[in-house]
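Below are two complexes that have subunit A in common, paired first with subunit B and then with subunit C.
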Partner chain A sequence: MAVLTQKKPMTIAEKFNDESWRRKFLNNVLIPWIFIAPLLIIHLYVVAVPAVQGIYMSLTDWKGVGMNVNFVGLENYRELFFEDETFGKALSNNILWMAFFLTVPFILALFCATMLSQVRRGGMIYRSILFVPYVLASVVTATIWKNLLNPQRGVGAAVDNILGLEGVFGVAYLGRTETALMSIAFIDNWQFWGFLMILFLAAMQSIPPVLYDAAKIDGANRWQEFRHVTLPGIRPILVFMFMMVAIFSFLAFDYIFLLTQGGPGGASEVIATQLYKNAFFRFQAGYGAAQGVVISIFAGFIILIFVTVKRRGWDI
Partner chain B sequence: MTAIGNVSIRDTILQRGRSRERSRLLVFNHVVLLALTAFAVIPLVVVAFNSVKTNLEIGQNPLGPPVNVVVENFPNAWDKGNFATTMSNSIIYVVATIAAELVFGGLAAYALARKKPPGSDLLMLYFLVASTIPLWMYIVPLFVQINFLKVKIGVDARILLIMVYVATRAPLSIFLLRSYMIDLPTELEDAARVDGANELQVMTRIVFPLTKPGFLTVGLVVGLGVWNEFLLALTFIHDPNQYPVTTSFYKFVDRFDRDWALTSAGAIIIIFPVMVLFLSLQRQFIEGLAEGGVKL
Partner chain C sequence: MKRLKILFAIAVLVLALAPVGAQDVTTVTMWFGEGSTLDCWGPLMLEFNEVDPSVQLEIVPQADTWNVTRTAVAGGGGPDIVRTPGPSFVYEMAQAGLILPMDAFADEMGWGDFFFDWALDLGLVDGQLYSLSDELETLVMYYNVDVFEANGWTPPDTMEELNALAEEVEAAGLTVFSHGNASWRPTNEHFVGEYWTQVAGPHKVYQALSGEIPWTDESLVEAIELLDAHMQAGWYGGGVDLYFTNDGVYRRTSLAEGSAAMNIEGSWAIRGTVDYFGESGQTWDWAPVPSHDGTDYFTIGMGNTSSINANSPHPEAAAQFLTWYFSPATQGKMLTNCLKGPAPVAIGEDVLGALDPRIARIYAALSDASANDRYGYTTWTFWPPKSDVYIYEEIERVWTGEITAMEYSEGLQELFAEELAAGDIPPIPTR
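Let's turn to the complex of A and B:
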């Protein structure tokens, strides 16, 4: 029966002559794709095409100006990893940056969100104020903290003044090789951690209170409560943000460029600031493009780790 | 009976212990939270103080409240920082990017959420993968492309910057708006169709109005991002008359490095519109940015 009632498949010419088919095609295929087209075309033009070009460019010795382009294979990568010592320094700075951002803001945000989730009165006010730094522009934050870390007029000098010391805390934090990178990380974190806190707080507030009551009845202390109720309750966002922050650590640019431009003497240089200088100041576009590919490979590698772990369903 | 009695006694003991513990702990909580709040706010208070001091006073008293309040720093900074021009530039960048993002993003999200044309799964995969590509991978070739359009074809650099902003935020707005539209019940749309509404009317009169909170979220996240954006503007805009406030402020601080009164006033001028908007739309801001930050 089914075979008998089944219609013969239409040829394309027949389809175009069929009014209802034409309307269906228009409504369900053509018009939706016309709606999608503008954003897709812009995105292809700005992101996808240059990303592919970037890979090719990284295999050339192009300077960024002129027509002289030679294909050099993996030469740029070889130079990066085996000859360029400043790149090694930048990479290790990126890893230090990651170590800082995977610990300090997370501990601060977890601690603060735990405190805040227990507070009834004033919770909204705290939440809003702690979030304020996150909405500031990096140029503004950088300027504010550059002044606050000034050796003569900044916070350090004021502390020295109170303690009757001179030049102990009032030092050029951004101008010394030992402190420059971590000072910038501190400033970036000042702006960032409130955002992390808000995410954790929202996750904590969605944990059913019954679980805390149960933990109390079982005689759990506050640490055990945090360890066995809070942490598992916010695990998805915690793990996700670990991944995002690990990726961001390889993309770090704004604050370093604004505050020290990688100095003094390369002490706070990261891959992105090096890339920017190579591509836009030093006429080494091919070399800069190779650094961009390296950053992307690191980012992709981090995503791969997290995806694998998630696939395996590991308890993290 | 005894068991029940025991339980109730244990409960009351627990209850009492807990409430005493809770009130003690909450003092600790508030102390910690106040300290962290101070850490967040004091730098801003110091800038606000310095913006109404003279440089002479800042030299003697760089951190404390002002003794004499002077307001001249603001008109000075406004003029010397060319804020009249750069503010309006920034407003153009923000408004144009939001408008393009909402119109194109809304249309694309509607098509993907409701029509699902053949190939839409592939398209979502494309945007998912593309959203993980770091800017650093394509900034150098993109610079070449943009420069070509600017120099050889003569396209206005501002339009090109807006195009880059729209593209880099496209995955975010598509994901957010699409998931928002998918969560909407379809009954209203069916009812409108029964009442004789055509497809265009269903979209513009039913779906888009219901997606308003989604549009607001995308608008806030995109708008704040563009207002604060530094790197792309630095890379693609080289005419000082086309600078947004961020890159203009960067050069301004460079030029008046020692003049803290002036740069502090400039900082307050940039922060001010964002703070007003933030304070009036706190919930949408916080929830929107939390959502946007996780989706990206």
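Let's turn to the complex of A and C:
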């Protein structure tokens, strides 16, 4: 009959007297923490502390100037969700933006990456050309496209001139409520999708060629190869980018502010542009902070979805 | 011998520099937006350094000056001279104790002798002087003289005449007003303010600003309806959607080259107008913005303000610079050399006489309107911040047909009443 003996746990004093425990503690705990401490302290100072301050400010009526701050509880959030009609419009624009960026650039990037992965000679030239827009500053890209889409001197106007038409292609895409938001999304995507394509291409090139050979032997056509070999092979990066793009969609700001500042008539307003205006134009920094917290909550919610899916066994 | 010569030279140099080194030099700092304005203003402002060697001005170019300034000032730093985009911004900084009351300096340095009375009042917060207004502005109607003469047109005085002229301009295949907001969205508020003033009259606007009547007053709503009607008719830039995409280059070139007949814009646009018309070889002139009864009303605005940072280690030196900078002599020189909108100070007739008569006439007309109760109010100077943003953002919803002029006015009234109750209204010159 086996006798089970339970080892008595060591007290703290005993642990510190034990040479091997001390060495383990030093090597596995103390030294790593000493190395990471500078970074951790900087991170706490520049990220965690302002984040906590931001949450606190969202519960105040701070105007953004001086330190005359009054605690107002959840008043800013109540106003945001129950009184501010423009917030709902901005949120729906963010959702539209997300829908666009979770489809158009992904389809384009997957298609082109698949095509490029077949190219054996000169592929680098194509990749470089498609990636170049990504390295341009957003203000440069916005200025270029603002001129290209100008109804009087842009590409559309030139096409109209050539064809002898008037106002058919030379349309004020950024000046119409129906087209402003999607025109900006198009411009942003023009810069972004090349980056996505490069990521997918890199992931595709890491898929073992034997899998494709096996699929061919099994009689798979190109679509079936893509569906059953390529997509599962790049799934981790695909899902990760899905998550990142979904989060970025709530942070959309630069192109919108550069091209329309949320106009015309709020047609391209998103939460981040509203936040900026509240904090810096309307002197409602506390209210703006509340909008910032709401954006963070949305981002957290998206991460939660992906974490939940991963815990349920998805390989992401 | 050679060593002796070197030692002698060093001794002479040290002796020569000793008085300068021994003297205490106080440096007054000022942050200023980078660009062509600084290129012209900068050297003129630095002439201050020749006045008193013990006080020196240092201009630090900054992008996005206002946001950088207020962040730095709130953090206990920033320049000695705090420039803001207008009196409503001063109010917030004064309330927060970030800038100094300057009443003692005003008395000591005699600011009241050269500033107009109403202008000093603009810098009052709770009865104390916190800022000095700069860049006096108004809106006028620029027009292309060549186009007008070729078609036998004359500038309209009344809205009725404007209606008739607009029909003729459109019949001639031209745009009535060369305008658009793609470069600066708040440009919308120029028209809202002008239509309130020219259609309802400045007295009505004053009553609404004072809280005596609401913004939903019939005459004020009518003004917005008329602006919307003109916008829908395509007078501004050729159509509502084009207005939203027309930029500053379009505004200047279309007027200067004669594809548009007129342009309602601020006195700050003089320099650009002169440059673009210089390139096109055509001639420009201006007329007062047409009003409902033909009276020449001029809205008054301020481009920016100057205050003294509460954290400044030497406010006296900062005040000394402000005294020099706002003096009629300096302002006159900056107006002549850079076409800078002058501060509201009594600039001599000789300075105005040296200017292009068209430009001098703008400031003379503004001065006359100011003295004869024909002045109005620009929204960015006299409205509180939330109402101001509402005015230029929400008017686009009227133009795009999302809300009516009455709904727009109701929204403004609600917001304005809140700010009025909170005491956030900038000082308004009484009439």
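FYI, the second predicted complex is superposed on the first by the 266 of 316 C-alpha atoms of A that agree within 3 Å, B and C clash if a C-alpha of one lies under 4 Å from a C-alpha of the other, contacts with A are read in each partner's own complex, and residues count from 1 in each chain.
Criterion: a contact is a pair of C-beta atoms (placed from the backbone, for glycine too) under 8 Å apart; a residue touches a chain by one contact, two chains touch by 3 or more.
In this text the structure is predicted, and so the values were computed from the model without any measurement.
Trainee: With the two structures overlaid on subunit A, would subunit B and subunit C clash, or do they fit side by side?
Mentor: Superposition result for subunit B and subunit C: clash.
Trainee: For A:T177, using the defined touch cut-off, is the partner it touches subunit B, subunit C, both, or neither? Pick first, second, both or neither.
Mentor: After superposition on chain A, A:T177 lies in contact with subunit C alone.
Trainee: Regarding the shared-chain residue A:F280, is it in contact with subunit B (first), subunit C (second), both, or neither?
Mentor: Once the two structures are laid over each other on A, A:F280 reaches both partners.
Trainee: Could you figure out whether subunit B or subunit C reaches more residues of subunit A?
Mentor: B
Trainee: Touching A:I107, do we find subunit B (first), subunit C (second), both, or neither?
Mentor: A:I107 contacts neither subunit B nor subunit C.
Trainee: Going by the contact rule set out at the top, does A:I305 touch subunit B (first), subunit C (second), both, or neither?
Mentor: Neither: A:I305 stays clear of subunit B and subunit C.
Trainee: Taking the superposition as given, does A:P151 touch the first partner, subunit B, the second, subunit C, both, or neither?
Mentor: In the superposed model, A:P151 contacts subunit C only, not subunit B.
Trainee: By the touch definition at the top of the document, which applies to A:T143: first (subunit B), second (subunit C), both, or neither?
Mentor: In the superposition, A:T143 touches subunit B alone.
Trainee: Name the contact category of A:G266: first (subunit B only), second (subunit C only), both, or neither.
Mentor: After superposition on chain A, A:G266 lies in contact with subunit C alone.
Trainee: A:G66 contacts which: subunit B (first), subunit C (second), both, neither?
Mentor: second
Trainee: Take the contacts of subunit A with subunit B and those with subunit C, and give the residues found in both.
Mentor: In the superposed arrangement, which is not itself an observed complex, subunit A uses residues 64, 150, 280 for both subunit B and subunit C.
Trainee: Okay, in this complex, where on subunit B does subunit A touch?
Mentor: 14, 18, 22, 25-26, 29-30, 32-33, 36-37, 39-41, 43-44, 46-47, 50, 58-59, 62-63, 104-105, 107-108, 110-112, 115-120, 123, 126-127, 130, 132-145, 163-164, 166-168, 170-171, 174, 199, 224, 227-228, 230-231, 235, 245-247, 249-250, 253, 260, 263-264, 267, 270-271, 274-275, 278-279, 282, 285-286, 289-290, 293-294
Trainee: If you look only at subunit C, which of its residues touch subunit A in the complex?
Mentor: Those in contact with subunit A are residues 67, 70, 74, 92-93, 95-98, 181-182, 185, 239-247, 250, 385-386, 389, 393, 396-397, 399-400, 402.
Trainee: In their complex, what parts of subunit A are in touch with subunit C?
Mentor: 63-68, 146, 149-152, 171-172, 174-177, 260-267, 277, 280-284
Trainee: Going by the contact rule at the top, pick out the subunit A residues touching subunit B in the complex.
Mentor: Answer in residue numbers: 27-29, 31-33, 35-36, 38-40, 42-43, 45-51, 53-54, 57, 64, 108, 111-112, 115-116, 118-119, 122, 126-140, 143-145, 147-148, 150, 153-155, 157-158, 190, 194-195, 198-199, 202, 216-217, 222, 237, 240, 244, 247, 250-251, 253-254, 257-258, 271-272, 275, 279-280, 285, 288-289, 291-293, 295-296, 299-300, 303.
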